[in-house]
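What follows is a short report on a single structure.
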């Protein structure tokens, strides 16, 4: 393919992908209510969001859930990735397939399956159920991120450590974790954004009293275009973007 | 006896990669039906030449004529030339049969013709029963043979082999060398072979071109290359060589010269034209060097040296002998268990000589 | 020594295994079981085990929704493939140092809020949106086209959100393709089109299946895309499931629909592993097509 067609095609598709986002961001600063004409630059929609207790409360809840879920998922996921990479154990293939399949399962199936199991286990819908749900869909991503990193490890180095008397726990804390830290951190950041942006699973496992931002946005957005939503959306987009960029930079730094 | 027909003519080929002039005004003629080898160290340009012939590399300048036709502009897929790649490059998702049939299918050979031709090719490389296997199920040597079958089944005018045996272990390589030679004779196709292994080149080829830095160093039969190296590079690249420094004292006429070597004057033969005062290199192959006890009577001239290494190699006994000037000479003699004269010890003084005429005298390359 | 080996190992393997078993394996099992139970207003579900729910899915109304949903998702998958494959090929042909950059730019939107991005499409497709305004302005049309709340909008939305999922596995598969196989094919007389058909496509087939899987299945479940862009008429399977679980509270019925999705997932996974075996690769986590 001639270079010019290559870059042209890539450029076209990329532009189309980012166009709606751009329009959205621009409109969040548009004083005109419906975004038809440009009414002047303004921050008032952001102010409205800031002053809206309901929305801010939901935002705070979202942050809490995401931080907790990302952290727990990172811990479990990192350990799992190490186990899958280092150890042979009965059921290893089963575990590996479960991770693989859970990554491919459509979110809606995961959502209702969680709802059913919560009912079966008697777990009330609310903060706890949300966190559990978020941890569950973040887990495979952390595992894949850390596992990929571990694949590039020099196994001889770990054998040398054992030869010198280090226990498995030592090896993990003193060698594996420090070297895999970028991938672990990256896994946390990605889990956090996935959790923050989640709509499908949250719609099913959240409780009546506990509001989170994406769902609140969802109910606002079903009605149609609304300027506060533009502001919130822009904030969400920017936060995600920044976090993802950081996580990628982390991964790249060590290469 | 037919006059050999020129099948491939390469004229003034050049190629530069970045700052690296990989090929420099390279000329070559290859004859129909011969087993021709391009030999040289890595980076000498031999693989580039091969790829240009195949059409996988473009020339910066120069032309390529195959059977009288200029093919430089013809794309690779349309040239009547096939390559056996170093990594075999077998298609992993196809069976051995489909791999071998690929070229035939691409050129639109009639369906009924494909099966018998593929079977014939597989029989020729003795892989008849493996037709339905996939490449991953075959050993390295077997994959190699499939690669060969896949190329020859198309009856190309020229078969190119790019260091095809380098991935095999020693014994297998020896075997494959014999098989390739046999195959070439049977098929009558012109083979162009690329290698850096000079033993391989000498044993298989009808003619060899030795290359270095994109240029032809010498073109000739294996015997010519080995016994009459045209320059120091070729002499050193092919086999082992001893290099003595000399100076022309007088011209005796008819390619005979009086040469001063290691303080003694010798009457030596040289193909080049020299005059008195020229500095020369006197080259000797290790197997041409004679080592004798110093106490024995010596009717002819000899050099004196000290044995500093002895290596028993099974077939031969190799000795490293230091001359008073500091130059070290390797002597390789067939080991005869019963001959007591083979019992040199380290630091023993010995006499070195050679059969007159077996030396090669070249101008002194700086 | 063995006790600490045992202890660390125990927790590392145990935590994840328990979690996945409890919240992935077990729940999916429950979904299948639930689909065979009966709806009960008090206890949500109760015993009489029967296949009633499945029978009811065959109702013409639901069958129509199922069929439309499948069709829209398949179309989205096909468009993603038609755009995604050349896109991935273009990336692979770029100089090495540009590849991660462009890849990152494509994947980046995936990590941001999909709901928000879907909402943003309204600005493009709406009656007051960019497309209509430009076409009106240029005089190509004299009244705004109804682009929003159509099947077209839903399919576009699905493509828009799911394209990165098609590009990633395709890129991964194309990148791993041994270029020497192309040289060999060229040498044997295959031109660019033939090489594409006989070498490139078959050898990237696991990637193709993976990409299709990762678009088709989520597509059927993304109810918010249907809500925002499709209006009341263009429903996806996800909408039906959501309604049954959250509004009608007919869990067995909703589960039956989910099982259909699970079966579809199973089928596509089978295809994936078949394709991986065809090209002699392992597939799965170790095949790392992601």
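To keep things simple, chains are lettered A, B and C as they appear, and every chain counts its residues starting from 1.
Please note the rule applied: contacts are C-beta pairs under 8 Å (C-beta built on N, C-alpha and C of every residue); 3 or more make two chains touch, one makes a residue touch a chain.
These figures come from a predicted structure and were not determined experimentally.
Relative to the centroid of every protein C-alpha atom shown, the closest chain centre, again from C-alpha atoms, is found for C.
Chain pair with the larger contact count among B-C and A-C is A-C, by C-beta pairs in contact. One simple way to say how far apart two chains are is to compare their mean CA positions; for chain A and chain B this gives 61 Å.
Distance between chain centres (mean CA atoms), chain B to chain C: 58 Å. In whole angstrom, the spacing between the mean C-alpha positions of chain A and chain C is 17. For chain A in complex with chain C, the touching residues are 1, 6, 9-10, 13-14, 17-21, 23-24, 27, 34-36, 75-77, 79-80, 82-84, 87, 89, 91, 95-110, 112-117, 119-120, 132, 135-136, 139, 143-144, 147-148, 151, 167-169, 172, 190, 193-194, 196-197, 199-200, 203-204, 214, 217-218, 221-222, 224-225, 229, 233, 236-237, 240-241, 243-244, 248, 252. Here chain C touches chain B in the complex through residues 178, 180-181, 183-191, 194, 198-199, 202-203, 278-280, going by the rule given at the top. Contact residues of chain C toward chain A in the complex are 1, 4-5, 7-9, 11-13, 15-17, 19-28, 30-31, 34, 44, 83, 86-87, 89-91, 93-94, 100, 102, 104-106, 108-109, 111-117, 119-124, 126, 128, 130, 160, 163, 213-214, 217-218, 220-224, 227-228, 237-238, 241-242, 245-246, 251, 254-255, 258, 261-262, 265, 269, 284-285, 288, 290. Touching chain C in their complex are the following residues of chain B: 54-56, 75-78, 81-83, 85, 87, 89-93, 102-103, 106-107, 134, 136, 150-151, 154.
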